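As structure tokens, the structure follows; a few thoughts come after it.
Order of writing sets the chain letters: A, B, C, D, E and F. Residues in each chain are counted from 1.
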Amino acid sequence: MALVPLIDYDDATPEVRAIYDDIRATRRVDWINNFWKALANDPATLERVWGSVKSVMAPGAIDALTKEMLYVAFSVTNNCEYCIHSHTAAAGAKGMTRQMFGELMAVVALANETNRLANGYRIDVDERFRDPVPR
Amino acid sequence: MALVPLIDYDDATPEVRAIYDDIRATRRVDWINNFWKALANDPATLERVWGSVKSVMAPGAIDALTKEMLYVAFSVTNNCEYCIHSHTAAAGAKGMTRQMFGELMAVVALANETNRLANGYRIDVDERFRDPVPR
Amino acid sequence: MALVPLIDYDDATPEVRAIYDDIRATRRVDWINNFWKALANDPATLERVWGSVKSVMAPGAIDALTKEMLYVAFSVTNNCEYCIHSHTAAAGAKGMTRQMFGELMAVVALANETNRLANGYRIDVDERFRDPVPR
Amino acid sequence: MALVPLIDYDDATPEVRAIYDDIRATRRVDWINNFWKALANDPATLERVWGSVKSVMAPGAIDALTKEMLYVAFSVTNNCEYCIHSHTAAAGAKGMTRQMFGELMAVVALANETNRLANGYRIDVDERFRDPVPR
Amino acid sequence: MALVPLIDYDDATPEVRAIYDDIRATRRVDWINNFWKALANDPATLERVWGSVKSVMAPGAIDALTKEMLYVAFSVTNNCEYCIHSHTAAAGAKGMTRQMFGELMAVVALANETNRLANGYRIDVDERFRDPVPR
Amino acid sequence: MALVPLIDYDDATPEVRAIYDDIRATRRVDWINNFWKALANDPATLERVWGSVKSVMAPGAIDALTKEMLYVAFSVTNNCEYCIHSHTAAAGAKGMTRQMFGELMAVVALANETNRLANGYRIDVDERFRDPVPR
């Protein structure tokens, strides 16, 4: 059970309702999921986090589906049950297929494996990898 | 400094050389990076992990660039310096631009933020998110 | 369900009872929570961990409420459901308000975000930050 | 070495300079630390993250020193070297003493210990802890 | 509830059945646990991961019981409920006693404590520890 | 560089020297490693943590070498460079061979992989695994 009450649209202040309206309009859905209803207990955080999500998750140099799959991937590593469910659903709505989900899990798991091998052996960065971000 | 010696091609056993050859042929590069040279101290692990990487990272339902960016993302969360450098270089070689790198960091960071909000508030999964993987 | 039976006061050995008595006296409560009842299966661990908690969590240069909120913060990042509940309750008993809980969650989440940005960009420590602990 | 160039004030765009000015004014310092100089490569992220930090870290129901020590605590658990240095320096500037730093480390370490005991034994939440956030 | 259907032996393809048969023969059990039934939705991952587990977990320079206890230990730190249960059962079947389980939890918890102390104080590696892997 | 000065034997208080003496006697070594020299800045933590390490790491139902290898394993997952070096050296002194180190890394890495698969697919615990700790 959530540690705070979930605030429904009808019980929300005008300030919170305006954010709920923006969430629904931006996402083209007719409901508000529990994450935002919980954050609404702290309207400043609701406004700030929604602003970040809206801005960061919008399509840019990386498309929206890839961003959503990245979110699923982190939710698995951080073992956030809520996030796994909500972002898998969102990724599905944006075009992730069942097969893509399977491959995503495989990459997530393998990266967690090889990260430990590199850390455990304390492998030095190759000279050629020193300045890896493209210009 | 790596905890084990890095095994160069010329010092490798025929078994290890065959894997090095496959790495170079598969990736179309003319060198072997330190990660594999360290794993070569344990040839069974070298063979098994390379087999996994070759299979999982090949393009499939998810394209190779997206998979590589996922690897960068995990390397950041697990704070694996070697992995951040090597996979950022690999993603760059596959087409990631500087702007995409910036957006990738933004998504990684934000996901780590919102994961904690969902975990901290112990938010219940919405009924609509219960069965999120597409059929 | 806990992996080991929870040992109630009436079923405990005199050695365990003495620790239970100390927990109740130190905390001024009339019951024992499940964490200690589980550890009581391994009396040496019960004694050692209670000794550490009693010593570390006592007010010192940092007051007891701040220490308790730090505990909540870690429990969120490590996603320990039991710990989130028990330490949030303890922090509340020591004076944490609902608004403080909201701000605490916001700091926890934001720190997890900016930690990844610093790690991902591999930012060098500024010279002025080299020796940061006050004398 | 940082993965991106650090952008000094003199080389920054007017948009970035305005944020740098706000950072210096808000913090009453006459310099910009490397974190912001790295984020300046992606001005949208610089603006968004600075906005979050400015808002979340301002004194509120929790005082600014406590918030800064929370930041140190997370940086230790996430093993972010840059963050440990920068936030320890910031906490020192806000009044954290050497003794408080020592106690902070002790709480961080102990919380990471007991979190694992609770997770490992899969201890059920006590009924009395079910609804722990104060009204 | 698992995010994908669990595939029973009778509903499995011949390819998946062959892996199920190998799991049962290798482990000398007459059933298949849910982990493999979930992975069977992605037969390539099932085959690859089972191959890795079979190879890595076989007795070698480290005996099978110690390897299984290592698995329990990680499952606690990563807070993977399924893994804690399944690997604790497996370790028990290989000879772990109740007392060993208690000591295992104590080591896991303590290691998570002292790791944070070393990371938090940013302690330099002693010269004598520079090259620690035995020849 | 460590965030606090390392306190050598000759500069230590009698209280700290007594603990240093106990560390050397218990471990049959003639020197003190940096970890303890850093903790000595906070004598209460030095005493408490050394007491815990001495008690938990002593041979019991689990032998001392296995306990030390568990420590190495966690240090890799938590990416604690100091701890990887110091505990690998300690495990080597207790009998870990180079081949055992290689197998240890393989188990650590694989456990981090399969933990994510179980968490990602949200696999339900099998009924047979419900009560896994041996009586």
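Assorted remarks:
Throughout what follows, a residue touches a chain if its C-beta (ideal position, glycine included) is under 8 Å from a C-beta of that chain, and two chains touch if they have at least 3 such contacts.
This one's a predicted model, so the numbers in the text were calculated from it and none came from an experiment.
Between chain B and chain D, the least number of touching-chain steps is 1.
Common neighbours of chain C and chain D under the contact definition above: A, B, E, F. Over half of the residue numbers at the chain D-chain E interface are used by both copies of the sequence. For chain F, the chain whose average C-alpha position is most distant is A.
Chain A and chain D have centres, each the mean of its CA atoms, that are 21 Å apart.
Mean C-alpha positions place chain A and chain E at a centre distance of 28 Å.
Computed centre separation for the pair chain A/chain F is 34 angstrom, with centres defined by C-alpha atoms. Residues of chain E in contact with two or more other chains: 1, 3-4, 44-45, 48-49, 52, 56, 77-81, 84-85, 88, 98-99, 101-103, 105-106, 108-110, 112-117, 119-122, 130, 132-133. Within the complex formed with chain B, the residues of chain D that make contact are 3-4, 41-42, 44-45, 48-49, 78-80. Taken in their complex, chain A has these residues touching chain B: 1-4, 31, 33-35, 38-39, 45, 49, 52-53, 56-57, 60-62, 66-67, 69-71, 73-75, 77-78, 80-86, 88-89, 92, 96-104, 106-108, 110-126, 128-130, 132-135. Those residues of chain D that touch chain A in the complex are listed here as 1, 3-4, 44, 48, 51-52, 55-56, 130-133. By the touch rule above, chain B contacts chain C in their complex via residues 76-77, 79, 81, 84, 105, 108-110, 112-117, 119-122. Looking at the complex, you find that chain D touches chain F at residues 79, 84-85, 88, 98-99, 101-103, 105-106, 109.
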